[in-house]
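Each of the two complexes below includes chain A, the first together with chain B, the second together with chain C.
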Partner chain A sequence: MRKDGLILGSKSRTRSGVKDTSPWEWLFVLPLLVATVAFFVIPSVEAIIMSFTRWDPGYDSPFIGLRNYENALADPSFRAVLLNQLFFLLAVPLWTVLPLFFAAVLRKGVPRPGIFRSIIFFPSVVSAAVMGLLFVQILSPGGPVNELLRAVGLGSLATSWLANPDTVKPVIVVVIAWATMGTGVVIFSAALSGSSQELFEAAELDGAGFWMQFRYVVIPVLRPIIEVWVAILFITVFVSMFPWIYTLTKGGPGNASATLDFRIYESALIFGNFGIAAAQMVIMLIIVVALSLVGVVVAKLRKRWKVES
Partner chain B sequence: MTRLTRRRFGFGAGILAGALVLSACATDAGGNEGTDAGGNGGSETITLTVQSWLVGDDPTTVGPTMKEIDEMFMAANPGVIIEHVGLPFDNYFALLRGQIAARGGPDVVMTFTNSTTLEFQNGLLGMGEYYSPEERTGLVGFKYGTDTQKIDGEPYVTPLLSEGNLMYFNKARVTECGADPDNIPREWDDFVAVLEQCKEAGVIPMNLGMLDGFAASWYIQNGTAQLLTEEELRQSAEDPSFPVDNAGTRWAFETIRDLQERGLYTPGAEGITVFSEARNNFAAGQAAFHFGNFSEGGKLYQEPLGDDLGVALFPSIPGNLYGDFVVAGPGVGWSITNWSETPDLAAEYIKFTQSQEPQQMLFDKGGELPANSATAPASEFPAVQQIIDYLALPDNHLGMSLSAEAGAVLWRNGTVLLLGNITPADLLAEMQAAQDIATQ
Partner chain C sequence: MTTIAREHDAQKRDVTGASASGRRRQPLGRQLRTWGPVIWLWVAMIPFLYPFMFMIATAIRTPEEFRQNVVNVIPTQVTTEHLVNAWVAGGLGEAMLNSLYTTAIGVVVSCLLATTAGFFFLRNNSKPAKFVRVAIFASQALPAPVWLIPLYVAVSGWGLSNQLWFLGVLYGLVAARFGAYLMYAYYRALPSEMFEAARVDGASTVRQFRSIVLPLSLPPLATLVALTFVWSWGDFLLALVFTGASGNPTVTVAAATLVGQFSTGQQSQAAALAISMVPMLIVFAFAQRFLVMGALAGSVKS
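And now, the complex of A and B:
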């Protein structure tokens, strides 16, 4: 019997020492389990199977072997999409360091921090789709950004930010940096406020300035949170770019800003190539799993190296 | 404290499963009930669901006119309710694909009167039995355009409106350019010389918005309409695998690049859309020429430009195989879904929208040109009357019909073509590759 009086079914242990799940516990897990199987596992398995067919949803879908994969990989625009994906992955450090920096600044003390926090957090309460549409206006050729540049004598820099292949990806990185910063600042601020203040006091007594504290106290203290944040962003780059790309650029100009999730949508619902879309989904899955494994291996190696040293 | 035994756990799980099944049955029963109510004839009310982007995208002119036409049909058919669902064009065909996969949705859907509709054949009903030969020839372009949209001898779409492109110009701006607005050159090279004059005079020569890429497809329409033979054009309408790379498409892309390099387009055209921003710019008098759709003239430019608005045929390009003509033919049309429980009523509705009075209404109130050749609209606005006169030219025909896949690649790449980030040859290859995958 537990302290709260709840009697659980008898529990045995598996060979690895993990307790067996009791029927009560299964009951609580059941809804989530059913939902996961119904809305994730079954569709995923079906999509993997259908990636080997000329998939015509609702109608006959003949088996065509690996042709969808050949078509997907032979498509030069798909290779461009993979490079775009890499570009956005390279932006993850920026999307991490910015909120970390502002969280550290807010901890250090600014006048009326509540106002700052509200301003910084505001983008997080607006949906990506709404913000995307807003930025389309802000960044349009006659929009406020270009008007400002012209007003300060930098008219030569004015451009079609979202229609220019040279600027579109950096601009999207900046927009997402702004959009994700609020959530990041709140998470990092919460972690910082819960961390030992003695570390910061000791660092100050040792004469460490803001940057020294940032480098040698903030980052080490928040390392576990940073790792979670990076993992979230990593997943975002692969599966949650769609609303940004759809509202900001529709993958254009050309293929300059198309991401994997957007291309899968395009293949299926714009081009009607559901089989190729399924193959692209499987390719995305393989990439994500492979990169995740690399991350796990690196983390384990680092841990081992730390123990050894 | 109660112990959760295996029996109790099973009982609880059973209740949960039962509740889920009951809930699913209730939902299913509700769905069937709605369908039955819609499908039954007799004294019961019949609901005909119609889906279009005209109602979805145009809340001011065509959309309300379509609603009025629906009201007229309901008044003439007591017991029939038209439920007109308006969807935005941007997502229209993605949603239609979903409906066809689910084998459910509206009875009547808006489609294009060209080969792009063949992609949706799985969900559409052959409409041949609903039209007599006389009725078929009564629709503009039906004989040429829609008869080619057949699979197994059946047409799957019939036109509601006719559509085409022509050159608009602002007489005041053309005069500023030092050219004669009453004598717009017919030959391409002479026309480009006028554009150069405009540039010299500080007037934006050619209005353009390329962000959505649609303008590029109009250049293809005119290039192919002039440079492809009748047989080639017929093949392109019948066969979705007709090669994308041909004399007309090459001319179109090279011309877009050429005019851009000469600085003859609206500055920053890559960042603006043709369907709102570029048209608004021309309406505001910001350019000498604008290459656009038939329906723009009557409603968009009549008030702001008035008598300054002129229209001209698209210039004759070197190698033109035809005489004076406009690229014109059936435009948007209607299809009946093959899951409709009331296909006869759906056909009746479609034919009603193609009849004299609704077609006249669409012209008068919506500025759209009719598909019914029996409708003889007239306009007191000279530019629109000129367009109507052009529609009577005997040599009018459409250009090449792009497959949906090739079209989507083109729209996506219009901007990079304009900026020179992709060559015409590479773009044609990408369009061909997308089309090849779809037609495998």
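And now, the complex of A and C:
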């Protein structure tokens, strides 16, 4: 690894830019810049503007103030969606601890950990939609999970997992834990092998067992990367549940598993309520921005606290 | 037969013995302690392997056997009926081509835009360039469900909404913003004397890009290609919105709409899922290293 300071030291130009750049070089970045603005920024701004109108693509969209927001928030099914989101947020610790645990197990004492890492990593490479469709079959009333339960005499537990309002959310949590495990293990394993081994050796000399090491070495050492992982998951819960929900349950039964991104899709492209969909998009945008700001503030506060103590 | 088997066994013992010769003399308790976690780990792998085994078994076994036996994943009566069903009647063959087409466009677009933009960010550190760099990177925080529908409405007006190449370009753009950052981080670590020397020799900016930067970009480009491929191939939301109603879907959308078309719907769908995974499996087999690097870059960047 090259030290950044070395380059900066030898070359002040890396910091201040090359002296002889000419304006036409902006052509290098122009395609990406224009496309980013046209494809992502302008549509997002449009979503904000249209949320204040009775948006009807292809026709007049009269301004109606906050009516869309009132309608969206007054809808009890939308409140159910927000409660579902809360439920999935509560699963973030599970989605974090499981890959941490596997990374810690694979760190040492297991021959050929690469095989296990590959097996765990593969599902996070495969499309979420494809995995969702596969799990519909596995969890179906006559599927292998229920048949297995019946075979071992636990037939009373068998249920249609994805159509039962009591089980649907926990089952989705488990499926997503399964699917995100690979990325988590890869990231945490890399961080573990990159961190100083002396701490682990010292802990071992002191006779700390696996759980002691996990609690007092692994978690503190990986703390920065765990925070990034948690931040990614927090956003994911609000923003990229769509393929899972669409393939597993279509939001059902009732609204028991609908998420915000799924509801936006439904409002606009199934029910044709583009105005309400726009209001829901803005709510999503506010949540994502708020979450990011909380992350930044927490990081700043922690830094200050560290400097002071 | 038995002698061969025994010889084979002996060989195997020898091979494993080479690495564990020290261990063999250890007491049983110690052995259990070293092998315990391994056995335990293989048990923990069952949930990760079983769904894929179930998928393959469902895709290739006869309907009769499937009806009798759902849990067991070792098929005895094999048929290609479901694979053919999915491929031909389910339109999966066409959908695979559509996905290949969009994914290829996505990969090319993301590589082109990421390398050029990354190079620009390296050369130009002026205030406006810095702002553009940060803004493009930050635009990734805009969630797809927010920009997707307004974009879809807008491009429907121009007749682009059911064009596969447009979906491909969109994939490329989604990946290029991350890619530009990946490239920039990589270029920054290159020795700047190289560019200095090229400049002294009178190489133009374009020449520097083509003859120095591009050939050196292969490692991060491999990561970007692998990531873009996996993202585009696996995408569902954009593909559903843009191709769901066009009758010309990508593979994930086709697989999702396949069920219920046939009497053996579930098995045909399992076949479709298995087929759609083949390219993923190939990428995984040959480029796992780059996918891992991509996952790492994605988590460290912020």
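The criterion applied here is as follows: the second predicted complex is superposed on the first by the 255 of 309 C-alpha atoms of A that agree within 3 Å, B and C clash if a C-alpha of one lies under 4 Å from a C-alpha of the other, contacts with A are read in each partner's own complex, and residues count from 1 in each chain.
The criterion applied here is as follows: contacts are C-beta pairs under 8 Å (C-beta built on N, C-alpha and C of every residue); 3 or more make two chains touch, one makes a residue touch a chain.
Just so it is clear, the structure is predicted and the values come from calculations on it, not from any experiment.
In the superposed model, A:122 makes contact with chain C only, not with chain B. Counted by residues of chain A touched, the larger count belongs to C, out of chain B and chain C. Legend: residue contacts after superposition of the two complexes on their common chain; A:156 is shown touching neither chain B nor chain C.
Shared-chain residue A:164: touches chain B; no touch with chain C.
Of the two partner chains, chain B is the only one touched by A:76; chain C is not.
In the superposed model, A:57 lies in contact with both chain B and chain C. With both structures placed on the common chain, the touch criterion links A:251 to chain B but leaves chain C unconnected. Legend: residue contacts after superposition of the two complexes on their common chain; A:141 is shown touching chain B, with no touch to chain C.
By the touch criterion stated above, A:269 is placed in contact with chain B and with chain C alike. Overlap of the chain B and chain C contact sets on chain A: residues 7, 22, 26, 57-58, 140, 268-269. Put simply, chain C touches chain A in their complex at residues 19, 34, 37-38, 41, 44-45, 47-52, 54-55, 58, 70-71, 112-114, 116-117, 119-121, 123-126, 129, 132, 135-136, 139, 141-151, 153-154, 156-157, 170, 173, 176-177, 180, 188-189, 191-193, 195-196, 199, 205, 209, 230, 233-237, 240-241, 252, 255-256, 259, 266, 269-270, 273, 276-277, 280, 283-284, 288, 291-292, 295-296, 299-300, 302. The touching residues of chain B, when paired with chain A in their complex, are 1-4, 6, 9, 12-13, 16, 93-94, 97-98, 100-103, 119, 122, 211, 268, 270-272, 404-405, 408, 412-413, 415-416, 419, 421-422, 430, 433-434, 437-438, 440.
Interface residues of chain A facing chain B in the complex, by the touch rule stated above, are 1, 5-9, 22-24, 26-27, 30, 54, 56-59, 67, 71, 75-77, 140-141, 159-165, 250-256, 266, 268-273, 276. Per the touch definition, chain A reaches chain C in the complex via residues 2, 4, 7, 10-11, 13-18, 20-22, 25-26, 28-29, 31-33, 35-36, 39-41, 43-44, 46-47, 50, 57-58, 102, 105-106, 109-111, 116, 118-131, 133-135, 137-138, 140, 142-144, 147-148, 151, 178, 181, 183, 186-187, 190, 225, 228-229, 231-232, 235, 238-240, 242-243, 246-247, 260-261, 264-265, 268-269, 274, 277-278, 281-282, 284-285, 288-289, 292.
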